[in-house]
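Structures follow.
Each of the two complexes below includes chain A, the first together with chain B, the second together with chain C.
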Partner chain A sequence: MLTGAATPPDPARPAPRRTRSWLPAARGDRGLFLLAALAFGPYLMFLVLPLLLSLRSSFTNQNPLRATNEFIGLRNYTEMAGDEQLRASLAFTLTLAVGVTIAANVLGVAFAILLNRTSLSYRVMRTIAFLPQVLSGVIVAFVWQTILTQNGLLNSMLTGIGLLDEPYPWLGSPRAALFSIGVVVTWVLSGFTTVVYLAALQGIPVELNDMAEIDGVRGGQRFRTITWPLIAPGTTISVTISLITVLKLYDIIAVLTGGGPANSTQSTALYIVKLAFTSDRVGYASAVAMLLLALSAVAALTVTSALRRREVSL
Partner chain B sequence: MTALNAHTARDAGPPAGTGGPGSGSPARPTGAGLAARRTRARVRAVLAALVTLVFVAPIYLMLVNAFKGQDRIVANPASLPIPPILDNLGTALTRPDNLIPLGLRNSLIVVVCSVALLIPLGAAFSFHISRRRTRTRAAILVALAAGLMVPPQVTLLPTIQILTWLGLDHSYPGLILSNLGGGYLSFAVFVYVGFMRGIPDEIIQAARIDGASGLRIWWQIVMPLVRPASATVAIFLSLWIWNDFLNPLFILGPLQGQTITTGLYLTIGQYSVDYGQLFGIMFLAGVLPVLGYLAAQKQFVAGLTAGSTK
Partner chain C sequence: MIRKPLLAAGVAGLLALTAACSGGGSGEGGAGALTYLTFETPSLTSTFWNDSIAAAQKEAAGVKINRITAPSTDRDAYAKQLQSSGQFPDLLQSITPSNFVGAGLLKPYDKTWVEANFLLPQGNALKGEVYIPPTNSQIVPQVYYNKELFAKAGIAQPPKNWAEFLDACAKLKAAGVNPIELGGADPFAAGMPLVGIISADILGKNPKWLQDRYADKVKFADANVVTAVGKYRTLVSNGYFDKGALGVKYADSITRFTGGKSAMYPMGSWFLGAVPKDKADSFGSFPWPTDDGSVVVPFVVGGSMAISAKTKDPAGATKFAQAWSLNPANLKLLIETDGAFPMLKEKTLDDYGVTVTQVFKDSYAYVTEQNNKVSAIGWATNDDSLPPGLNDQFYAASQALFTSDDVAGELAKLDGAWKTATQ
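This part shows the complex of A and B:
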């Protein structure tokens, strides 16, 4: 869905400059134009304008509690350089994003290959695999919390069968919490990546696989030479969306750990909301938000262009 | 498991399957090959079932424990709820603050209004730009793609400021209006543009020559043709808006009633020890999206497929 950009103009048409533009001159098209404008209005108002306002606010010391709102130039941005909490949140967010993206995509490819059969039982299993995507992050996180907390279901099960002597703090130590959050987010995202890779697999011509079968190409070799290169467009989409999703993740972390213990799982998204709504530092929160936006944009563009190049080189 | 194996045996061979399971394969007529093939199919089925189990386990926990009391949950969380009790659901539904019924109602209002506006607006916009010059179209699509990327935290505060300025903060119209902007519209436009590219120009030209206006062509010709796209957009947007967290939490605020998702977040802390209540509320909050997904899952997957390969 991110690939819907330009198609090259059709060379067969005599007047390439005017292809398909039948609308402008006609009188009866004002209605359609108005409707289209009506759709773009909210976009300008609730995405473009807020972006600009946020950018402006990032150069101020806006704080509704202290009633300050003055232009302070780049001071917010210079403050970010020495902000330990910000640095920790970025480290956490990036670690989580990279780890989860890799895990969810490796699992997605594996599950897609495993589930790529058309019979009823496999269709049922595919339906189930996507279920985590359907539930809200809040529910997902609460269910996992009952599993992962100190006296939760996982610990009572593990101590019950004697694998653990005493309950392990799955969410209680910084290391374990990062890992636990990673597992939960991977679990959610894998359903999505599996479906994208399944779609990509189904786009591979049957003849190609039949030919490989006859030539005796199978297993790892078939994966390397046929499957992997041919699902490249699926990989581009899946990796990019996974990355963006984790970079702006809020609800699952907010419920599972709330950023703790000792701010060790405070993602940048959580930090922004805390700055803005708990500390009332709206100006500084906007500056950090700009940083997160830049980070997401750079990450998405880098990954997309790198993976696109792989698509082209086929 | 038996039903599983019966199907997978057929899967191993090419689709033919006129004789016994797997006998349709001309490449491997020998008995040894057939046996190896069957083993592989069985291993695959077991692996697939295990994977599915991992995906479904937490949801299974939510489902069974919604119908069990505290003692039985603690004693054996994975056991089936036999006999099932309805106390958890009853208590959740009759809370004095009416959290569940109100939350469900509020979520429904927001989802229905948002989607009912996003579908026609998104489709009209897509139709308009899908007939523009390639370069204009590409520029607009890039601008919209940016909308998919913006983290909600970046636009949240100014959005609230704008809504306050409009006098719409802490209101349903405010939340619905802010839903119309941003990533949801981008998604709708991407799906629609993909589908509309497949509509032959000749149909449009013919209607034009007959004197139909752009609005009329859009409503009477294009909309019926892109019905699958509308289904996809409606399903995904309903799900996302239903599950949305940050916007309802801060735009509606605590005073104006919650959507089910934010209500869940704000209330469930009280039940951190009462698993029965916890799972009961979560079951009630999750059952609608899950049923909706199961009912529409064919469209769902078809839409995702079309969207990601176009």
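This part shows the complex of A and C:
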């Protein structure tokens, strides 16, 4: 209970000396502090600690089968400069991240505008739009695999109606596989972006739209002058989270293509796992993980600061 | 200020949470049970493992087993994850021993017991020690063919050499039949033609080639390997595979081949378990063809479980592993559904009570006959195993060569990966 704060101060008494001001004085506040510590504990244990261990590992030649590991300084980091597979995986990951972030956000805005109604049917459609986001990546990938493989539903349909003479290798050529993975990840992420943009749209005062209606501002002009500027905070959140999600993408690619054909769809996250548990190079995998972490942080900070500049408040 | 008991309670709570999260295994077995890493496939189901464990426990009285199942068929990767988190199992089914022996994680079997019970006691030995009882063998790959489609294309006999093989492919293509099936979306399946070519043309002539590669006496980029792998490009550029083969999943490739969509299918002998019984007479097999027609059989021996060098009960683990390995009932299912060729001494196929097809018997003949058996590159579990990570590179090269003419470049990449893996 927060009883201490409710007691009026006695003006005759000098104010107590504030020692250890970072500690809440009242018993109830201690409870809150304990709760915060309990919340912070798992954060330390499951995020900060592994991060520090991974950072330490990146300076070693750690191997999952060896009990002891040697400190090798910056050798893992210098090796990255000449690693062709790493370069290819970064190029693939960045291409996918940029493409999917743009596509998922464009679709998110479009769906949000379409679904920004209050009737029951629109609420059902919102739920359907969000559905891909709640499915596990592995399940999503298995479902899409049955659609995209050589004998899959898509080829059966396209050859059945005569649009294709023979099945197209949607997952069997580097470019087609990149495109296919992009479509699947966009499908998943657009559920999230739709919800974010819907929330942003619902934050726009009705009066503004009414005034615009009276002034005859409609369609594209209204979107450009009112909607787009006012959903800017949603854009910042949605773009940043989409970007980070794709930069660390692993599960969907692992199931859908396994990084193939010929490593052409090997994301950096997938490469890290293969380095650690197929090639037994945990130390080097940790160094690549640190690179991916830094890249994600830089990308997130750059995008956030750029998008924040265009945010407006009412 | 937070009182110490509260802090202690918080820490205890966190530790309890961590323990709950990290608790592995099935929870069966209780105290003192040995952990046994298995994997499941449509053929090797949970029931199979439970029944086989129960049967072995009858022989190894008092040994308790706590079975854990790898989340995928990649047992090696999962065993490494378990090792790195301090949970290396006591018994590990069908792993690649070379990945673990270097770190001193596996215990060798008694040589006298191995010599006494198996046809090829040293078939999967590493530096003279046997870490997995050689209970059965596989040929990786053979070429399976559809007799009806061969007849349709006017091919009277299965090809015996490379020239006849190319001729058969040309005739099949001319007859409107896809000559060779390839489940190229799954890297291991995409690698089958290269496994056949290198095993037959390179290891067939120099069975010590992989040992020489470890000693840096030979390289993948050598002219003879480039020439051999160039044959794969010939098959691709002549259109003898389906154009979209890299999009075909392994499971689909089986149904496509058994459904008559393609005439030939290079695959490990586990394919024999997928031959439909009612159409088995339509299928035959022949060894991957060599230039001069000599028979080379790419061969792998394995089949049972490895024992951890750190197991808390070496005697119990060994007793259980030996009982499991010698039980014909366990091999029966592997023979019938996984195309495993049994390698127990003094036993015929009839002793296992199996029902197998004629194509199985014909393929098994290559195992029992005296011929040029060599390690199947990428599949061997003996001294010819590839270094960690090389299999992935090998499969990637197989997929890359489906669309790229740069044979020398891809093989040079393999040499680079070999160097990194063995540093």
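The working rule: the second predicted complex is superposed on the first by the 275 of 314 C-alpha atoms of A that agree within 3 Å, B and C clash if a C-alpha of one lies under 4 Å from a C-alpha of the other, contacts with A are read in each partner's own complex, and residues count from 1 in each chain.
Rule of thumb we're sticking to: a residue touches a chain if its C-beta (ideal position, glycine included) is under 8 Å from a C-beta of that chain, and two chains touch if they have at least 3 such contacts.
What you see is a predicted model; the values in this text were computed from it and never measured.
In the superposed model, B is the one of chain B and chain C that contacts more residues of chain A. When the two structures are aligned on the shared chain, A:147 is found in touch with chain B, with no touch to chain C.
By the touch criterion defined above, A:39 reaches chain B but does not reach chain C. Legend: residue contacts after superposition of the two complexes on their common chain; A:173 is shown touching chain C, with no touch to chain B. Of the two partner chains placed by the overlay, only chain B lies in contact with A:126; chain C stays clear of it. Using the contact criterion defined above for the overlaid structures, shared-chain residue A:65 touches chain C, although it does not reach chain B.
Of the two partner chains, chain C is the only one that A:262 touches; chain B does not reach it. In the overlay built on the shared chain, the residue A:277 is in contact with chain B and with chain C. Of the residues of chain A, those at positions 20, 23, 33, 38, 42, 45, 277, 282 touch chain B in one of the two structures and chain C in the other. Taken together, the chain C residues at the contact with chain A in this complex read 1-2, 6, 10-11, 13-14, 17-18, 76-77, 80-81, 83-84, 99-100, 102-103, 105, 184-187, 190, 242-249, 252, 255-256, 388-389, 391-392, 395-397, 399-400, 402-403, 420-421.
Taken together, the chain B residues at the contact with chain A in this complex read 3-4, 7-8, 10-11, 27, 44-45, 47-49, 51-52, 54-56, 58-59, 61-62, 74, 77, 120-122, 124-125, 127-129, 131-135, 137-138, 141-142, 144-159, 161-162, 177-178, 180-183, 185-187, 190-191, 193-194, 197, 201, 204-205, 208, 211-218, 239, 242-243, 245-246, 250, 261-262, 264-265, 268, 275, 278-279, 282, 285-286, 289-290, 293-294, 297, 300-301, 304-305, 307-310. Within the complex, the chain A residues that touch chain B are 1-9, 17, 19-23, 26, 28-29, 31-33, 35-36, 38-40, 42-47, 49-51, 53-54, 57, 111, 114-115, 117-122, 125-132, 134-140, 142-144, 146-147, 153, 156-157, 187, 190-191, 195-196, 198-200, 202-203, 213-214, 233-234, 237, 244, 247-248, 250-251, 254-255, 269, 272-273, 276-277, 282, 285-286, 289-290, 292-293, 296-297, 300.
Residues of chain A that touch chain C in their complex: 20, 23, 30, 33-34, 37-38, 41-42, 45, 63-66, 145, 148-151, 166-174, 176, 257-258, 260-263, 274-275, 277-282.
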